[in-house]
Amino acid sequence: MMTQMVLRRIAIGFATLIVVSIIVFLATSILPGDVAQIILGQSATPETLAALRAELGMDQPGYVRYFSWLGNMAVGDLGISKAGGATIASLIGGRMGNTMVMAGLVALISIPISIALGLWAAMHPGTWLDRVVTFGTMCTISVPEFFIATILVLILAVELHWLPSTAYLTGNESFTELLRALAMPLLTLVIVVSAQMIRMTRAGILNVMSSPYIEMAILKGVPRRRIILRHAFFNAIGPIVNVIALNLAYLVSGVVIVETIFAYPGLAKLMIDGVQTRDLPLVQACAMIFCGTYVLLILLADVASILSNPRLRQPK
Amino acid sequence: MTEENKTKEEEVIAKLDTFDELPDAPPKRRIKLSWVGKISVAVVAFWLVICIIGPSIAPYHEMDMEGDDSFLDAYDNFYLGTDYLGRDTLSRIIYGARNTIGISLASTLLAYLMGITLGILAAVKGGWIDMGISRVNDAILALPTIMLGLIVIAALGSSIAILVGTAAVIYATSVFRIARALGQDIMVQDFVEAAKARGEGVWWIIRAEVLPNAAMPLATDFGLRLVFVVLFISSLSFLGLGVQPPASDWGSMVRENLQGLTYGSYAAIWPAFAIATFTIAINLIVDDISAKSGGSLAKKMV
Amino acid sequence: MEKEKLFEIKDLRISAYNEQKEEIRIVKGVTFDIHKGEVVALIGESGSGKTTISLGSLAYTKPGLHFTGGEVLLHGQDVLSMSPIEQRELRGARVAYLAQSAAATFNPAITIGEQVTESAVLHGVLTQEEATKRAVELYHALELPDADRIGFRYPHQVSGGQLQRLMAAMALCGNPDLMVLDEPTTALDVTTQIEVLKAFKKVIREENSAAIYVTHDLAVVAQVADHIVVLYGGEIMEQGSADQIINHPTHAYTKRLMAAVRPTPTAGMGTAVGSEHDRKVPAIEVKDMTAGYGGIVDNEPKVPILRDVSVKVENAHVVGVIGESGCGKSTLARVMAGLLPQARGDVLLDGNDLEGSLHDRNLEELQKIQFVFQMADTALNPKQVIGDIIGRPLEFYHGYKGKEKHAKVVEILDMVELPAEFATRYPMELSGGQKQRINMARSLAANPEVMLCDEVTSALDSIVGANVIKLLTALRDKTGVSFVFISHDLSTVASFADEIVVLYAGRVVEQGPTDEVLTPPFHPYTRLLISSVPEMRIGWLEDTMNKREMAVGIAKGVEITKVGCPFFNRCPMGIDGTCESESPPIRVLNDGHEIACHRTVEELEAAEAETQQILHGYERIGEDKQLPSAG
């Protein structure tokens, strides 16, 4: 039964990806009416328009263009950037690495911190430290990412001069230089992502903590540590894994802002530039990568919560 | 048996006869805000008032470059200093409230209109209508909101109408999910079943049974959703893809004045701070209303 | 014989504080003792404070409650003044707690074995090996199936009755001085309850442990308690030995409680058939009806619940539908109401065919059949005032408006014995019994011919439930409405229904006038049900238990089968090769009394005579012969 459910989730994930590709394709190819007109803007002449249309394959029906686009994308042919004419694959290559490094580091730092803090807050509800954590994380999730980043720049770069205010990489920094450059965007993302994870971990544990079997454990004289770690945590693992995956997915939007504000040469920055110059093939490719990652993470979360449920692991 | 006991016994029996049983009617519960909640309401009210009367109380027009220089600290009538073009920061924040809050509010309302209509419809009708709407909805929900925003703006360009429409559609998906879940919860309640058994029509059931019971949870959710939309719109503006200059908007103000930070100008901080006051206040109100005794059991642990 | 005093509660006071910081007293000075080897029952209705007191004996209160006075002494030592760490050491080791719903109190993510032994090992009473060994011994003592391996399973892999017994093992594993049992059999079916009760009784006796037994059920109390404390509104009304309270109650409240207990079902019950409201055709009838969930394929539901059910409800009669949870009794009512279209068969109203789905029924048909839901709490819209709730059917079916409607609402409130000013109240401002009356009033307002009452008294306290039944009977006599009264409690149904329908695993196994159904011959399942209803007699459990098992077979799980008689796997009289493969024939006795069984009436009668011999011994056979014999 469990394998069946996991397979089903994978199938749903795959179907979602297809739908995502349709949305991305539709939004960028069909909605605007005449892309060629928009791309060329006022400089359009009938000749250039026709040429661009043919180049974009726009003289063919929509579904043909969709399938050829999807097919090309599947084999790694992401098309050619409108600006500069470089292949998108080459543009994306290095940028993606940068973004992955950043996201990986954020995950590595924030997951243990969040779970520890979330658990700790859930174990001591109502204490002033719990209140501080609850209030602090609530404020953090209520404000835009750029607010956190701006405040950090103000304090750490402008007032204290500890860190540089940008994270622009030239490619030949020393390791310490690299660390200093990365520190600010990392810190911003860790704060933003952790706040959400701490809140949800705490809520997940507390939710489990109001179940009758926790009261029973209290009445059996089980110590608090053991109640949380053995009785509550195992039941909250599904939700917590979910939270982690969701927030790693949430990194996507954080990355967009942070890469912009700190001029970090990542994929998101590339995409924003693409949006500003209306380089649609580039936007399509970046969007597919981001959305694909997101869908994959959500799928992982789903599967993890299925695996952590004894009802499904141990059928009747 | 003593006389006292006798009367007590009679009292108990009298109680049984008049009330049928122990009167266990709970007192009506009204929403009582804590002082934090009250302050938050004041903050939100303040910004809403600013939205309405802002232009008539602002010291300068949002586009007037009246300041002596750019990135100045507070002086004379420039209570919060000037921005990168020497415009009055305070005035731009006051004008910007209209854009930031106004666009967000309009988007959220539109999102609610769409989300609730479709959500309740899906919950009540069920079957393939529900299936169809839910699948499309899930697919949109499966994308990061900012990505959707970027894709649409890449394709259509940015204008206030497009911003409102995009935000409304994106956030209608979460409203749909909540309204549908609420609707489904209510639809399986016995009182709805009773109405169905009576032969009531769909509209009556929605109006008299479902909506009154969904109103309160949806109202709290509205607050949360509004916060998300404010963050969304501000983020787009911050990226230069939202409200376009020279119109003022809190998100784009941060972007415009970011470089000033290095000169020690707070022109980028004030608008960010304005967003924070508004969104944190709303979240505090929502927290206050839906405060649960979560974790009361946890306190009992040793 | 003076036994050692083990446990004392002295002037215990527990309170809650509302938002205005006002004290709300929940337990108002309660005092009682427990001696070694003694079972003390706390009985009372909801709000009596019985659960609060029982938790207090572990020095625990639910969140929001506080101890405000008194002492709880274990071996003379006050547990309330202990440090939190000492209290923790006490719980599970010296005082053990057994909760009402084992299904909710077992942690779903941990194996049963670990949970059963956890407390004993944590408190250092036993090592893990010793504890595991003791647990297996307890599983055997509690007659759990697959006792050697059940500990390796997860809670969702065993049945509710088994979990309840496993919780007893959990409580007993650390050899506590005192066990606190909070309504441990309330959530169980009657045939399961008796097995669990028997197991509890046996281990309590064998372990010679003292226990606090909390319940609202006097018949259960009579079986397990040595001493009874009667509670009302957080105060003790009366306490004394079980014999004194059960047989010679002195307090008016105790007497009231006793009066609300339904008599044990016996032959001769049920009102006489025939009244002024009689008509030729039945008010409602279902014929060869099959229904279930998950959609219908080829006239066959995907998840079948009811199979080939035929039931007639005469005008102005009360028909009791009885069966255990999952037998399909609520489904039967839902099919009649049109909430669940049947897969096969007919539903007739006044002899006319009804459409299966309520969308296809006309207003008059809808108005004539009214459904009363089990839980008034969820059946009444919390956002509507009572006047609107009752007024809606008046307006919807009969077009009453304005003043006229209000007058009618008052009239109907009066019929359910509630004052007119209730019309402006919200359901939340009413007590449980009052809500149930409103629930019925709403159906009455439609001026129906048939009212389908689904477990309407199950969630109510016994005195309140008794009042609701009184009201229901009065309504039947006054208005000529027919009632289908669905219940899992045979004694409730037997006490006032004109006819009884016994359902088992979706099939009618026996039906007929109440008197006839309760008179031999019985269907073997009816026999099991009757013998499972605890009698309000001290010593009944001991007297009956072993004999009963011999006579009627042990309770096993219910299985819905496609062919044959579903009761076969539990039936002591089953015929191998016939019962499991062929549907039983319906044997018609006098007065519309029907039994669906492969055994002939004579065989059933002979079996009953044997049962009587086992149950009551040979000396009473003479009396049994006097019973009106059927056939």
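Which chain is which? They are A, B and C, in the order written, and residues in each are numbered from 1.
Convention: a contact is a pair of C-beta atoms (placed from the backbone, for glycine too) under 8 Å apart; a residue touches a chain by one contact, two chains touch by 3 or more.
What you are looking at is a predicted structure, and each value in this text was computed from that prediction instead of being measured.
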Of all chain pairs, which one counts the most C-beta contacts? A-B
Starting from the Cα centroid of chain C, hunt down the chain whose centroid lies farthest away. A
So, what's the distance in Å between the C-alpha centres of chain C and chain B? 46
The distance between the C-alpha centres of chain A and chain C, rounded to whole Å, is 52
Whole-Å gap separating chain A and chain B, where each centre is the average of the chain's CA atoms: 23
Of all residues in chain A, the ones touching two or more other chains: 215, 218, 223
Two or more other chains in contact with one residue: find those residues in chain C. 60, 87-88
Among chain B residues, those touching two or more other chains are 296-297, 299-300, 302
Going by the contact rule set out above, which residues of chain B touch chain A in the complex? 138-140, 142-148, 150-157, 227, 231, 234-235, 238-241, 251, 254-255, 258, 261-262, 264, 268-269, 272-273, 275-276, 279-280, 282-284, 287, 294-302
What part of chain C is in contact with chain A in the complex they form? 55, 58, 60, 87-93, 96-97, 99, 101, 104-110, 118-119, 122-123, 153-154, 156-157, 170
Quick check on the complex: what are the chain A residues that touch chain B? 16, 19-20, 23-24, 27-28, 31-32, 38, 122-123, 125-126, 138-139, 141-147, 150-151, 153-154, 157-158, 165, 203, 206-207, 209-210, 214-215, 218, 223-224, 227, 249-250, 252-253, 256-257, 260-261, 271-272, 274-276, 278, 280, 283, 287, 290-291, 294-295, 298
Residues of chain C that touch chain B when the two form their complex: 18-19, 45-48, 60, 63-64, 84-85, 87-88, 232-233, 237, 250-253, 256, 337-339, 358, 361, 363, 366, 370-371, 373-375, 378-384, 392-393, 396-397, 426, 428-434, 437, 442, 446, 461, 463-464, 467
Of all residues in chain B, which touch chain C in the complex? 1, 9-10, 12-13, 16, 19-28, 32, 189-191, 193-194, 196-200, 208-209, 212-213, 293, 296-297, 299-300, 302
